[in-house]
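You will see subunit A twice below: alongside subunit B first, and alongside subunit C after that.
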Partner chain A sequence: MLAFIGRRISLALLILFGSTYLTYQLAAYSGDPLAGVRESTDPNKEVIIRELTRTLQLDVPPPARYFLWLQKALGLATGTPDFGNTVLLRFPVIDQISAAIPITIRLLLISTILAIVLGITFGVLSAIRQYSRLDYSLTFLSFLLFSLPIFWVAVLLKEFMAIQFNDFLARPTIDLASNLVIATLLAVIITGFVSGTRKRVLITFGVSFSTVFLIFFAAGATEWFRYPSLGIFGITLLGASCAVGFTHVFTGLANKKALGAGLTSVALGAAVYYPFGALAGPGTNYPLMLAMAILMLSSSYFVGYFFTKIDKGPVIRVSMLSAFFVGLFTVLDKLMQTWDTYYELSNGRPIETMGSYNITLQSNDFWVVNLDLLTHLILPTTALTLISFAGYLRYSRASVLEVLSMDYIRTARAKGMPEREVILRHALRNAMIPLTTLIAFDIAGLLGGAIITEAVFGWRGMGSLANEAIVTQDLNLLMGTFSITAFLAVMATLAADLIYSTLDPRIRIRK
Partner chain B sequence: MATNFRKKKNTAPVMEGGETGSENIEVVGLSQGQIIRKRFFQHKPAIAGLVFMIFFTIFVYSAAGIHLGTEANKISIPGWWKYSHEDILPQGSCADGCPSPDHPMGQLPNGRDYFSLVMRGSEISLMIMVVIGGLAGLIGTVMGSVSGFFSGIIDAVMMRFTDFIITVPVILIGAVIGYNVGNFGVLPLAVFLGLFSWTGLTRLVRGEFLTLREREFVDAARVAGASNRRIIFKHILPNSVGVIIVSTTLLLSSSILVETGLSFLGFGVQPPDVSLGRLISDYQGEFIYAPWLFWWPGVIIIAIALSINFIGDGLRDAFDPRQARRINRKDFLAKSSTRDAVNKRK
Partner chain C sequence: MKKNLVKGVALVAVSILGVTGLSLSPANATAANKTVIAQSGNTLSGLNSSVNGKNLVTNVEVTAPTGAGFTYYNNKTQLIRNTAFGTFKITQNTCATNLVFGCFKVTYTIKKGLKYSDGTLITGQDLLLSHAVSNSDYSIKAGLGDPNSDAGSKFDSLGYGGAYDENTRATSMNLSDDNYSVTLSYAKFMPDWQIMGPGPGAVHALVGLAKGKKSLQTARTNATYKAEFENAYYTSIEALPPTDDEDYEAALEDRTAARTLMSRMAQKWSTAWNITTVTSSTNPLLLISNGGFKITSCGPSSCTLDRNPLASVGGSPKKTGNMERLIFKFPATGTTFNPNLVGQAIKNGEVDLFSGEATAAFWSTVNGDPDITASRTSVLLYEHFDIRTGDASAANSTVNSDGNCAAPYDGPFKGSTQRAKDLRKAMMLVVPRQTIANTYIGKVFDPGFTGNSPMLNSSFSLTTEGDYSKVVAGSSSYVNDFTKDQATRNAMALALMKKYYPNAGPGSDSISVKMLTSTAARRVDIALQIQLQADKVGIKLTNTASTGWSGLLNCNNYDVSTFAWSKSAISQTGTTPQYASDGSNNRAGWSDPTLDTLLKKFEDTLSATQLISAKIAAERQLWSNYWTLQQYQWPGVAAWNKDVKNVLPNPLNPNTTWNYWQLGY
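On to the complex of A and B.
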């Protein structure tokens, strides 16, 4: 095993050397870094050119210059890695990158997690109900999402989710005609998820249509979108429905222990609603929030643990998931209470189309600052989630279908195991193994940034650094961003191989 | 089992034996090719996609005409549409350049006819798509076959080379081409992109070859004295043709999106030429004032990519009706070819 890892790492280093070399040459021959200076009308142009040629060592031909770069980057001479300075403003490349990394992670982490969770959930559903209306709808949806250019989606999102929504917030009432349209659309989507007889479909359509219609009618009448809140009542209601839902999925509603544990967690969450509101004031900080989240989750773990004596796993899962969602709703409620303040601070344009945060925001309130981050995140995250969602949907569907045709699934069914258990204990676990590879690659790709998305939404993350480096012929900057991305990509391949062989005993690493 | 009649294909070539017993088709049985064709034609979305692609291609090429070569020696066959995409025209019947009978997709602020631009752009996008897909499909198949069949040291070297190519960023390739050979037009761009897009398919074909070469019919052929060449071309390749066709199709749909993304960043198709991606990125700012400039190219890209995805899905169902292949890590890794495409699009 150690020999294998050692061999793979040395190979990975070799690949890294090769690809950085090739990239360096490609980039060096893709343009003239002095083009901007040459065209300028600066009287001491010659001096600048000479100076730049000296500092960038442009007199050395690129194939050899790479080694000068490599020597500095590895820190062979000084002991500390030095990626050089950017050409234009002479900032150290390292500083640029360390400023860009948190932005990129913020941009990609949420969308990656959302895409993974939603993609796998719907992929599994789609596979279990193969050739149902749900399956066809999701297949069509995923193909549609596969076919969308992301910046085209971005323009649409900017128009409809930001500009028009902001306009709507100025007069947040919903007229009858648009309410009917919304209700019909949502009802059609919800109906797409059920299958069965025509009667059942029609009933679902009717119920969801009237529910949506009533909700939006109430929201419009109370100007909910302008003054949103959930309140302790809303949180308890939503939390309880989550608990019931998770119980239904993981154990079946017949399992009163699981239902009881889930509902207890929800009650616990509701009980700390007011203490939380008092504790998490404007001056709160991340460590405090994290501590509270950990406290909430661990107490829900014990709720699940002590609620039942047999088969604790699913019960704990239900109780922890319910607690997680109650916590999420509580935080959401807190953010909603801040919405009005933020609305005023952002001059009535809360959903932002550009940038990663509002530079002119005048507030130190923890909640206002975070709401600001969220309103900037919402468009790029939606766009990225839509694009990546389709991939996870297709792969988890294919993977589950493959597993469901296995003999051990037939055996599990034949011995009388309930279908829920067959899916959850036998099918899902095995179907998720191949997906770890994808997840490993995606997580490694996080730091690479999303060049197009960052460009469209004006984020200064790793993607836009790379883009800028190519546009301005900045070799140091390009090589700095690229080395990190390539390193992570190579390591992800290795990590994927190792994780895979640990999870799947049939795959053995050759000695 | 799917795999059984796959094997049969080796002895019964695709086109044989259908017409002779057509009145008695149930008894005679269908050849592998016929089964695939039949299954494909039952897949309605795929047929819709195929019909759309055929008509759209004919429509586009006949409307815009065919223009080949560089500025210096150009071969041009004019199409049936009355304007060329380079004409600067007086303002039509609609003042803001909005769609009118004379200009069905509207006009640009400088008077150009948008319909001819969109047609020319579609032509170039389709061309790029086919070149990238074809080239990457060819290289991927060859690399994957060799790597999977010979395994051992050849395999290790080739797979590490594949890993190496994966790390080279596509955008950089676009930039290099744009700077050095930008004036030669779009063909070099497409060729170079094709030269770097074969990695996913290679892994996939390799996985397929690794599985198939362990099968009994390959052993049988080897025992009978067949050469490596014969085993590859007559025994293994025909059995993996499904995988190759399906993933090449998906490669086509992802390459049109890669071109679009590159053009958006300014590294793809360069100004005198137009492509669908170029058109959207040039006129996305007009979304509020002249929305037709934004919608038409976007809808066409989506229609093309969607049709091809459906054709690919239909082919997959046709070649592999049951998803009963054994889980194979290499195979699964290879499926990430579409995954790579998704990441490139971000």
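On to the complex of A and C.
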């Protein structure tokens, strides 16, 4: 194994050298970084040209200049890697990349995880109900989302989820006509997920329509969107719904132990609602929040552990997931309670169309600051999730369908194994193998950034840096971003190979 | 299953209804808004835009409200004298009769009693610094280094080079006895003398920085620092007595001390303001202001400026707007900002002011919105079509980056014979200027545009300058040929071609012309438009779109080229480098002694009327050579929150905040 890794790393270094050399040459010969200065009529432009030529070493031919760059980048002379400065702003490239990476991770990690979780979940559902109304609905949805250009989605999201929503917040009541339209649309979507007789579909539509109508009527009447809150009652109800849902998925509702463990975790979460509120004031911090999360999850682990003596795994899973979601709802509630303050601090326009935080916001309140970060994540994360979710859905559907037609699945069913077990333990695990490649590359690609999304939402991540480097002929910046992404891509390939062998014991690395 | 479904839906409904039942009471209305948020086109890279590499639009925008000087440009590109800061006048102009150094002098006087934000008086000593950072002779004589050498000056200034540097000496700037005036001596009359004047620099802060201070100093210390600077400024350039003189040692010691201080100041001047983050712990010496505003914080996304409490005595024009805070928002995308994003941001109330290049998406977003004022503007960037007549001027001969360029130039448009002129005129006539202007102006604002957009008909005035129409009228006999409809112009061009190529006609390829453009879609499209028309009169035009086009502008392999010139200031002599035989921007080998003489006139003292006459005379001579054809001035756009008053978009930077003293709600 070690020899294999060593060989792969040596090969990776060669690939990195080749790719950086090629990129450097192509970029250096593709344009003139002084073009803008040459078009200027400034009397001292020759001085500027001379200074830039000296600084950027433009008098050295690109094939030789690459080695000067490489020498600095590897820190051979000084011992400290140096990617140089950006051309126009004269910022150290390494600083720019260091600042961009966390922003890109914040932007892409959530959307990638959401896309993976939702895509795989709905992909599996679509596969196990092949050719059902649900399957057709999801297929239609995935193709629709797949075909949407992100810059267009972004413009729509900005118009409706930012500008119009902010306008709506100034007078957050919902008129009858709007409520009817919303209820009809949502009811149609919900009905699309239901299979069965026409009567069943119509009942589903009717119930969904009435429910949504009532919810939005109540939300409008109470101005809930302006003054949102879940409260202990809401958290308990939503938590209990989750406990029931997870029990249904992992063990079946007949398993009273699992249901009991889940509901106990929910009750525990509800019990700490007020103490949490007291502890997590405006001056709270991330370590404290992390400690509380660990405490909550470990408590739920023991709840699950002591609730049953046999087959503890699924019970613990239900208990911990229920606790996780109760915790999430509690944090959400806290953020909702901060909404009013945030609304006032943001001059009544809490959802912004550009940037990763509100520059005019003046607050050190932990919850206000985090709510601000979250509101700025809503639009780009939604756009990215919508677009990339479709890919995972189609891949996982195809993969599960292929696995479900295998002999061992038929055997598992024939020997009387419950369908839940067949899907979760046998089909899903094997279906994940081809998806691993996709996920590994997507996660490695995270640091490459999302050029278009970052540009349209005004985030300065790795994508924006790469774009800027290309547009301004900034070789130092381009090579800095490229080197990082190329390195991660090579490492991702190695990681994917190693994960294969863990997921599938039949795959072994040959000597 | 049915039962389960109904149960499930009911559970969710009850949960959410329970949630919506909880509501809080409304909050109070927000206080009156006195903050204006301006969107910048790129990111802040430093607070001293005079340092090499820091002369970026955003750096100027952010720091402009923190300083006041003798002049500023208004929205009509007129240079306005700021009498709140001081006055200036010519005190000697005898160059016409006796051309010796000092025959032209200008005296600048600061209004007494003006103060910086730290309460220190603004005096003439504060004007001396601008000479040190703009005059190569001073830098060399003060031992700070030769700005034109590889090592450069210790003042890493981009002020060196150009007319001011060439016509002043180390000793050019002299302080008056009362310390409130300086007199600048030039080698000759300077036609653009009004834009060459000094600006104030808080020298007491710079001395403090050089001495390692990290806090504001007392009034007495600051006065001492000013005196130290004045002494160092003059002592550094003093010649030493002979080594055997008894005062030599003392003089050497004094000069060494003075040079040491100047050197430390130069080092601080070049680096200390190269910051992009300002917090409460930033050295306050770096934030001293004499403008209407002071920088209070800066970060990667924005800079916040708050009203300077001493603004009324700092020398900025009288405050008439109620803006108390000005925030510059920087694009996350660094230097590649897409203006389309700002349209929705203005609609959403995130941004109050924006001015930039016009795009269809931006215009359609802001135009017609009841809460936004949108205005079409023009930026100081114009497209032109140049024809080579010979080798690049000597000033450019070493810039050629392509070793394979043929020399001497022997193309179809070479020289100043009638034949060459006729062929050049034919070439210029087929350039479909109206179509090009419509595409890049009219259709930017309205994709279905069917009218005629304004073409640029002058080489010496832009459409945004006050004398444009008069200059164009003065050369109308030439202009008229180039404003006729394309069919007529093609017919005229064909007639000229037939004089020398009787068989000239569509597709005859009578002459071959090589064109140079960049690979930008705009330029490639313009070249294609020209190519289509040229073919109709027998000119076979081949375009070479090159990413390295700018390095090939001197290359004789290309007969014609098209690109844009950008202007950063309006000056009397600003156009001369393009058209003078030895001009630094004359890359197409143009040479005309008559035009050179006419261009020399721009170096005289001219009234507004005389300037227009001089422009018309030069314009007509330029037209008669058929060297260059202006196409159009790039359209710009400004949009702002309707509640913000007195926004007057300016084609010169700063574009929307130049009159910060008038902005408000």
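The criterion applied here is as follows: the second predicted complex is superposed on the first by the 509 of 511 C-alpha atoms of A that agree within 3 Å, B and C clash if a C-alpha of one lies under 4 Å from a C-alpha of the other, contacts with A are read in each partner's own complex, and residues count from 1 in each chain.
Keep this in mind: contacts are C-beta pairs under 8 Å (C-beta built on N, C-alpha and C of every residue); 3 or more make two chains touch, one makes a residue touch a chain.
On a predicted model such as this, the values are computed, not experimentally measured, just so you know.
When the two complexes are overlaid on subunit A, subunit B and subunit C occupy overlapping space and clash. Contacts of A:T211 after superposition on the shared chain: subunit C is touched, whereas subunit B is not. In the superposed pair of complexes, A:N467 makes contact with subunit B and with subunit C alike.
By the touch criterion defined above, A:A455 lies against subunit B and subunit C together after alignment on the C-alpha atoms of chain A.
Contacts of A:S132 after superposition: neither subunit B nor subunit C is touched.
Look at A:P434: by the touch rule set out above, it reaches subunit B but stays clear of subunit C. The larger set of touched subunit A residues comes from C, when the choice is between subunit B and subunit C. By the document's definition of touching, both partners, subunit B and subunit C, reach A:E159. By the touch criterion defined above, A:G31 reaches both subunit B and subunit C.
Judged by the touch definition given at the top, the superposed model places A:N347 against subunit C, while subunit B stays out of reach.
Contacts of A:L11 after superposition: subunit B is touched, whereas subunit C is not reached. Stretch 110-118 of subunit B is the one among 110-118, 128-136 or 236-244 that clashes with subunit C after the shared chain A is superposed.
Common to the subunit B and subunit C contact sets on subunit A are residues 29-31, 155, 159, 455, 467, 471. Partner subunit A is touched in their complex by these residues of subunit C: 1-2, 5-6, 9-28, 30, 33, 35, 37, 42-43, 45-46, 52-54, 56, 147, 150, 152, 158-163, 274, 276, 299-302, 327, 329, 331-336, 338, 341-342, 344-345, 347-350, 518, 547-551, 553, 563-568, 574, 577-578, 584-585. Taken in their complex, subunit A has these residues touching subunit B: 11, 14-16, 18-19, 22-23, 26-27, 29-31, 139-140, 143-144, 146-152, 155, 159, 384, 387-388, 390-391, 394-395, 398-399, 401-403, 405, 433-434, 437-438, 441-442, 445, 450-453, 455, 463, 466-467, 470-471, 478, 482, 485-486, 489-490, 493, 496, 500, 504, 507. Put simply, subunit B touches subunit A in their complex at residues 45, 160, 163-164, 166-169, 171-173, 175-176, 178-180, 253, 257, 260-261, 264-267, 277, 280-281, 284, 287-288, 294, 298, 301-302, 304-306, 309-310, 313, 322-325, 327, 329, 332-333, 335-336, 338-339, 342-343, 345-346. Listed in rising order, the residues of subunit A touching subunit C in the complex are 29-32, 34-35, 38-48, 51-52, 54-55, 86, 88-91, 99, 155, 158-159, 162-163, 166, 194, 196, 200, 203-204, 207-208, 211, 214-215, 218-219, 222-224, 226-227, 229-231, 233-234, 237-238, 240-241, 244, 340, 343-344, 347-349, 351-357, 359-360, 454-456, 458-460, 464-465, 467-468, 471-472.
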